[in-house]
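Would you mind keeping the following structure in view while I ask a few things?
Chain naming follows the written order as A, B, C, D, E and F, and within any one chain the residues start at number 1.
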């Protein structure tokens, strides 16, 4: 029990323009396998990571939208999204590929404060 | 004569945080050796590249402030600086390590329009 | 001149600088730059206003990859890589706002 | 929490997001993040206002490298790498706003 | 028309390298000529033959090599940038006392003059970076 | 106190690697312990022994190797990130049919589990990136 820590992965970068979103997911899956208390925060352009409807054939890059959907199978269910970041991008929770908990920046800040380990890429 | 082109190097990034400023300078020196019509534009955080007084001992990274001063020896004398970028950073031409021509964004845009080759890093 | 911008306007200042500096011609949005043309983003008014000065294009494969091809704002022309090549050929010079 | 920001506030939104999101604790500016504490930059009012909520530190070697060690705004504490370590030790967790 | 391309970022991390590749293919498909593709900064990392990307993803290095071979492209890696980042051919290995090489097929290591020459000789030069 | 460090960017291009190195030295100087330094994303490029930086500049790879040796640090390079970017040791070369290796002294290639373990076992973990 003492070996279970609260890990939060903070995602602030858009997908595909850089690899950080994909390689962040790879860490999340490992963290889940270690049976840690894992959560993901999406804010700023990071909310675009879970925007529905990625079709990457045209850029010939491996798409990874489905991996977000598979997180549940790994018992990763704490997905927090910053409401202000969504609003600034004209998005709502309906535009997202996975069920998430939308919260204010202030609430997200409080969640961050409770973590043991915050990883950002 | 027909082989002389107008090359402009557009510098928008701060020094030391990334290597682009240094490796941009290395290209500038080569372009001068090819006897091209070379100019440098500094805008946004790129104006910090020529802020006086770099002391890089503490970060143990090679400083390159002096190279800007040496550009004149290579007949590179067209250094254009965006006035608005300076102002937004609380800087004036006196804060800069080399003599430059300060101009408005609009004027800088016109200079860009006249170039044959615009290189940015 | 063809201005090429590959950064999201909500993360970095590249597109803002391009718009303020450029004298006209075209802006082509590629990579994460395409988020600028998604309807309802907070940079939309700035980009709309810039359309008086610049023709605005966005790279279709990048729009599709990011799931925003169906929400491109009016006045923006989507092009494929071939169209990208044509734009470079059409303008005397190009600048990538890195 | 210790918030670590390494980006210029005039180029990217990292520091702005950090300030809006964080509940308090400290902000340590490193690398290009140190430009935020240079007197007279247009982000100064935002950072000043944030000082009610956060203690603000800046890494001295990064200030010196960039030639701005002599124009650090009031209310900011300059620390060396040892001070950086002490800050990490002092707070239960740290977040790098990449 | 004669095009040149400058690639400033390495494979996978930034899309710059992917975009440059797709653009290069489109330039050729449109019947234009590619005078040179120049790899600078982390762009030199496109030229290591030691990558093994996941099976279900694109192999960025191999497809550059293949495109270069098919169209006899001049793909030049900046020597100064390559030295900083550890991209090495036989000559560089000898000069710098390295016990291995990693340059992929189709690339050659040369100086920054090749970039300036590309700017002079080409009708258009397009930059892909971060 | 037990520290771990995550390095997300390669040498020279971003200051992240320099900052991480200076931070690591300061951690040790303060009498703390370093549980692990983990290299991810382009950070794996810190671990190539093939670099030859200019004589008047720091040698980032060598100083990591030296620091690791002097303090018996556990410096781990992520295998998946290394495969994408061409960082190879003997085992990887055999497994993936590569004809050369480039891993520098003092580094080892292993899985992402090592990063999570570092998060679990360390009192503090600090991330350096872009």
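Just so we're on the same page, a contact is a pair of C-beta atoms (placed from the backbone, for glycine too) under 8 Å apart; a residue touches a chain by one contact, two chains touch by 3 or more.
As the structure is a computational prediction, the values presented were derived from the model and not from experiment.
Novice: Using CA atoms for the superposition, what rotation angle relates chain C to chain D, in steps of 5 degrees?
Specialist: My answer is 180 degrees for the C-alpha fit.
Novice: For the chain pairs A-C and B-F, which is connected through the larger number of C-beta pairs in contact?
Specialist: When A-C is set beside B-F, the one with more contacts is A-C.
Novice: Regarding the chain E and chain F pair, does the interface count as same (over half of residue numbers shared) or different (under half shared)?
Specialist: Answer same: the two copies use largely identical residue numbers here.
Novice: Express in whole angstrom the distance between the two chain centres, defined as the mean CA positions of chain A and chain E.
Specialist: Here the centre of chain E sits 33 Å away from the centre of chain A.
Novice: Roughly how many whole angstrom separate the Cα centroids of chain B and chain D?
Specialist: The answer is 27 Å.
Novice: Can you work out the whole-Å distance between the CA centroids of chain C and chain E?
Specialist: Chain C and chain E have C-alpha centres separated by 26 Å.
Novice: So the centre of each chain is just the mean of its C-alpha atoms; given that, what is the distance between chain C and chain F in Å?
Specialist: That gives a centre separation of 38 Å.
Novice: Enumerate the residues of chain A that touch no fewer than two other chains.
Specialist: Chain A, residues with two or more chain partners: 13, 16-20, 44, 59, 61, 116-118, 120-121.
Novice: Send over the residues of chain F in touch with two or more other chains.
Specialist: Touching at least two other chains: 8, 12-13, 15, 19, 22, 41, 54, 80, 125, 127, 129.
Novice: Using the touch definition from the top, which residues of chain D touch two or more other chains?
Specialist: 6, 10-11, 13, 31-32, 61, 80, 93-94, 96, 98 - these are the residues of chain D that touch more than one other chain.
Novice: With touch defined as at the top, which chains are paired up in contact here?
Specialist: Pairs satisfying the touch definition: A-C, A-D, A-E, A-F, B-C, B-D, B-E, B-F, C-D, C-E, D-F, E-F.
Novice: Along chain D, where are the residues that touch chain B in the complex?
Specialist: 6-8, 10-11, 31-32, 35, 38-42, 44, 60-62, 64-71, 80
Novice: Using the touch definition from the top, list the residues of chain F that touch chain D in their complex.
Specialist: For this pair, the touching residues of chain F are 1, 3, 8, 15-16, 19, 22-23, 25-27, 29-30, 32, 124-130.
Novice: List the residues on chain B that touch chain D in their complex, please.
Specialist: By the definition above, chain B touches chain D via 13-18, 44-45, 48, 51-59, 61, 63, 65, 88-91.
Novice: Tell me, which parts of chain D touch chain F in their complex?
Specialist: 4, 6, 30-32, 61, 80-82, 84-86, 88-89, 93-94, 96, 98
Novice: Show which residues of chain E lie in contact with chain F when the two form their complex.
Specialist: Going through chain E, the ones touching chain F are 10-13, 41-42, 45, 48-54, 61, 80, 83-88, 92, 96, 98, 100-102.
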